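Structures follow.
You will see chain A twice below: alongside chain B first, and alongside chain C after that.
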Partner chain A sequence: MTETTQSSGLAAPSAIGEWIGGMRRSAEFIVIPLFALFVSASLFSLFLLALGKSPQTFFELLWRGGFGTEFSWQNTLVRTAPLILTALCVAIPARLGLVIIGGEGALVLSGFTAAVVALPLLSWAPPFVVMPVMLLTAAITGALWIGAVGALRHYRGINETIASLLMFYIAVSILNFFVEGVLRDPSDPNKPSTAPIGPANMVGEIPGLHVHWGLAFGVVIAIVLGIVMSRTTFGFAARVTGGNVRAARAQGLPVGTLMVSATMIAGACAGVAGYFEVAAILGKANGSLIAGYGFTGILVSFLARHNPIAIAPVAVLFGGLAAAGGLIQRRMGLPDATVQVLQGLIFVVLLVSETLYGRFRLFDPEARG
Partner chain B sequence: MNDALSTVLLAVFAGAIRVSTPFLFVSLGECLTEKSGRINLGLEGILVFGAMTGYAISYHSGSPWIGVLAAGVAGSLFGAFHGWVCKLPRVNDVAIGIAMMLFGTGLAFFFGKPYIQPTAPRLPALELGFWSDVPQVREALKINPLFFAGLAVAIVLWWAFRNTRWGLIVRMTGDSSATARAMGYSVDWVRFLATTVGGFLAGVGGAFLSLYYPGSWTEGLSSGQGLMAVALVIFARWNPLACFAAAVLFGGAGAIGPALQSVGISQGYHFFNAAPYILTLLIMILSISPKRSLRGAPAELSLMK
Partner chain C sequence: MSDILISRRRLLKTAAAGAALGVAPGLGAIGPAAAAGLTMGIIYVGPRDDFGWNQAHAVAAKALKAVPGITVVEEENVPETIAVQKTMESMIKLDGAKLIFATSFGYFDPHMIEMAKKFPDVEFRHAIGLWQADKHPKNAGSYYAYLHQAHYVDGIAAGLSTKTNKLGFIAAKPISSVLTNINAFALGVRKVNPNATIQLIFTGDWALPVREAEAANALADAGCDVLTCHVDSPKVVIETAEKRGIKCCGHNASQASLAPKGFITGAEYKWETIYKNFADLLAKGQKLPNFERGGYDKDYVQNTAFGAGATDAAKAAATAAIADLKANKPYVTGPIKDNKGKEVVAAGKTIDNYDNFLETTNYLVEGIVGSLT
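Let's turn to the complex of A and B:
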């Protein structure tokens, strides 16, 4: 009897101590990326000063174009939706130690197949049939496309980074081949495109937000995957594999199945992004699908440290950056690649900041004082 | 029919030489970098940035050769940065390569905007077809000196890896950094130098793109050549001479589409555009086996782990 009280009396403070220690440890994962963002902003300011442009104007316009008004928020959130999903396409395989950078290819190809599968249905099927068929087609296309990368990696030992990027170029060629060929809509004089899916089959807006449902899908998928990766045996097995493949094999974990299923989930996420680009924004498949969301998604995932829950807020940040790009370009007379330079700079600084982890005693619960 | 066939074959031959030159330079750069035990995926970014720098400097200086040199210097700066950053603990060379790829491309587009319109002096070609009366043959044998320079670099690298002290040091760092350290060499320093020189070669490859073929600066100039070169090095088993052969093969695959178009066959043009990527994937699938380690592969390469 006395023993139990004693042990529970001891357990309480150590639980609190553990909790504080955990907080200190996770603070490191927030403070260092924020520091990296700050350093990138400073370096970019120097870059602008060297060009004779005002950094102050730049950041003011960035704020106004991305977050300043209701309209700019709307613009930002519309870009956030695909960024969340393409970032998940990087984050889930990253847990297994795979670096997939071809999410853009899965997005492009899935958008294309979604638009194409709708074509024979348009004349007779109601929207509640067409829409799920399109969504499912897109998700399956993406899952097979990136899943193939995972399978090649596991069964043939082919580097997933190179393979996924090569497959991006193949996806673009497939899109161009059909869109400029047999599937080109002759009634569209502007850009070579497939026939439109029609206004009835378009995805609507979330009530009160003026942002399409893709955003809600993205957030929900991110939360679900966050729970799956941190609270289920699948997520645990994935993290073990990412930590040490040999140990995972020795434990009898099905490494191949894990790799293929993780890459398939990842591809399905990018595929859903492609579906919403077609069904909520473009209304058809054409070259505008290649908008670089897949590549920005890589950066979003790295900044969120491949944590699905953290991806949503980081995606808002980069959605805002993309939304403000046009305004900055017009007002400051800078080329449209300005946002790309800033993104690249953030990416480089962020990766260099990896070297700072574990160097500060402040974040180390074992160290006293 | 026969006439059309010979036209296509000549065009593929000429195209193979033209298209292969940037592959050759980037793959030699990557080969050197990987031999030292590091992988630089940022060569794609260096290729694009080199293309822009070469074109801009050629436009301002009036000499394309100064442009080529400037592109090489720009490339070596990028390479040096990569080499320096990767020696810091916990910094992943593959991820940094991806970041440098996006950063280099972004910078090239940023500074390259004013150079899309103007025409810069191009690199001259050697007229090796002077002995022939057939115009197609003369056209096909117009070969850029950089192609021969690339061949020379390939031979020198191949020879140097086998026969020189420096070649041995680079190979040793790539195979076992512990051994190199025990022998008293600085692993970081060797890798830094290898990445820098690798960046120089990739920059020169980029200058070829903008100053010879296709011969102008546009934002769609490079489409993954830098990355395909990485796959090509694996296919070539880290042998510079095999890199040369592989680059010509890739060049030939890339030249089929335009060659067919020149005789009026434009069907499936986009599929022929995809040919080099599909070929790269197929070659990787056929030439890599998960069962055994690859002959010639540097043991320290993270790509192989």
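Let's turn to the complex of A and C:
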């Protein structure tokens, strides 16, 4: 290995040398987050010891509840599905240097519009009409919602982080206003909801997995966006803009168009997540849409370093954490917030670990030996 | 509302809970505590120490844990999403639960129904009366306590403890189960004090502490000298009332300790009666009723012991009202008008305590200042 690297590192790098260099660079993006995970797990163990609980039991239960049985896997994957899509809502704008944290708002509002657009169709249209119309409506709603954040940023200079967060509260208010008002299903006197979309229009499960099709959609969209961001001129232009907006402008890149389209793609992803929450799980729109997937998605995206391909496995990790949370609560008598403490630790340690990039010669393809 | 936004609060709470748990003996064992006997799972939508709805159930669960042969597994803060389905499944598959109590409104449809279809040999019960024999699976059901009876008693005690004849009610949402409690309180107040009015404020959601505090202060500013509420956790309302030097009535669980000076009484669920009855039935190998409900007559509700805010007249009248309710005497008798002047119960007509009429309330009775929209 060493020999190959050395020889290829000379005058003209061979193909294999480039490959190894690439591997080294990628290794940095895997080793450092894994190290961060290890550090946060160690810190969390100290936290547990301070509470008088056994870290070993905790991690055993974490494994069993998240991944240890067939059911645990289903439980994990069900929670993974929306996380992939909401993480993409953070990751794509992040490539342009935009920090969007309001994906939850796009999810909530899109789930709502999807449920509402179905209402006039229910009496006459077959499922193969209703379902795509709902999906499309959700994606467009999300695209417009987060796209508006991108546009506000570009045209009015409004901070996209704050704008997207505040728009989450607007989305919730819009949902509540209609669901508790004109669009409320009169047949349900208690929990305010829109009228149900009916079992025929519900999305089924992936055969053999007992997880709805949202998971497959999420994985496919993540892979497609991964390719778009790394192999197309759009992705390249986005990365240049993220690196240095002024340089990108000087190069004649359409920065405004890029920002608006990236935020629209992001919003559409969160919108699709909202569609599946309604069409695969709830069957109607109501307050249950506000489940926090959009916020956990931020953590997923940061841990995946905003790489769409890496988002899927990281989402599985967070899905597993959430899935095991209940078991840990029940068996160890720990409060529900325990798993959130772990999530918070991971996030903080991860942000700190950002400073480690580029500090190790081991990962530098230019370095000799 | 969202995980990340309240994580700091939760973290603090965890630390506090952790400190308390730290002294408790017994590190978590990995297997469910008992192999034989019955394992039941109880699921809460919020924290178990919220001074409200969830705490009322959690206190009952504690009573169940003392029953030999019964293992109780509990999970708190479970949202009304697919998460609750997975929690039920996890309790069934990993803990061996044979009986699931789902205590939040939104758990029922579609989540509990789905799980009841999937696991026909497990019994599911939901803590609000939504189950219908013709529509829902036979291994599902509901149980409910008529808390409005205790609110009626609250009203009687409050009506005789006010000096300004203005009382304040802070409610979450204008839905039937809330309106029934508001109306019951107003009927109690007006029965003993026909000149009193009840100022009503809706906050819009189950847990909005800031808005609840604003509403409580606004009502106090408007001259109300007794406050009560129907929100998930009455803590803020009760504490604000006490701070303002006015009286209060509780809701859901005991808040007496929060207002040592002004507490009158409070409407409390007594879920342990229901849970214990269910446990006894199961121990005998009998099936649980699909639809179980009741009030004072079945010992399913109670009023908190009178506090320093209750006058002697209030104590006497409230105690008499409790005795009537225990004998299942109806408390809703005509004529009753709504607050727009329309007659809702004709003169001479009596509504039985078990009449479904009370569960489909969509009006406010006379004497309440406020509207549904």
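Just so we're on the same page, the second predicted complex is superposed on the first by the 354 of 369 C-alpha atoms of A that agree within 3 Å, B and C clash if a C-alpha of one lies under 4 Å from a C-alpha of the other, contacts with A are read in each partner's own complex, and residues count from 1 in each chain.
Definition applied: contacts are C-beta pairs under 8 Å (C-beta built on N, C-alpha and C of every residue); 3 or more make two chains touch, one makes a residue touch a chain.
Just so you know, these numbers come straight off a predicted model, no measurement behind them.
Contacts of A:Y155 after superposition: chain B is touched, whereas chain C is not reached. In the superposed model, A:V78 makes contact with chain C only, not with chain B. Of the two partner chains, chain C is the only one touched by A:P192; chain B is not. In the superposition on chain A, A:P335 contacts both chain B and chain C. Of the two partner chains placed around the shared chain by superposition, chain B and chain C are both touched by A:E180.
Of the two partner chains placed around the shared chain by superposition, chain B and chain C are both touched by A:G344. Residue contacts after overlaying the shared chain place A:G326 against chain C, while chain B stays out of touching range.
Residue contacts after overlaying the shared chain place A:I298 against chain B and chain C alike. Residue by residue along chain A, chain B and chain C are tallied for touches, and C comes out ahead. Shared contact residues of chain A with chain B and chain C: 168, 176, 180, 295, 298-299, 334-338, 340-341, 343-344.
Listing the residues of chain B that touch chain A in their complex gives 41, 85, 88-92, 94-96, 98-100, 102-107, 109-110, 113, 223-224, 227-228, 230-231, 234, 268, 270-271, 273-274, 277-278, 280-281, 284-285, 288-290, 303. Of all residues in chain A, those touching chain C in their complex are 50-54, 57-58, 60-61, 64-65, 69, 71-72, 74-75, 78-79, 104, 168, 172, 176, 180, 189-192, 277, 281-283, 286-288, 290-292, 294-296, 298-299, 322-323, 326-327, 329-338, 340-341, 343-344. The residues of chain A lying in touch with chain B in their complex are 99, 101, 152, 154-159, 161-163, 165-170, 173-174, 176-177, 180-181, 295, 298-299, 302, 334-338, 340-341, 343-345, 347-348, 350-352, 354-355, 357-358. Those residues of chain C that touch chain A in the complex are listed here as 1-5, 7, 10-11, 13-14, 17-19, 21-24, 27-30, 32, 41, 47, 73-83, 86-87, 89-91, 93-95, 105-106, 110, 128, 130, 173, 175-177, 204-205, 360, 362.
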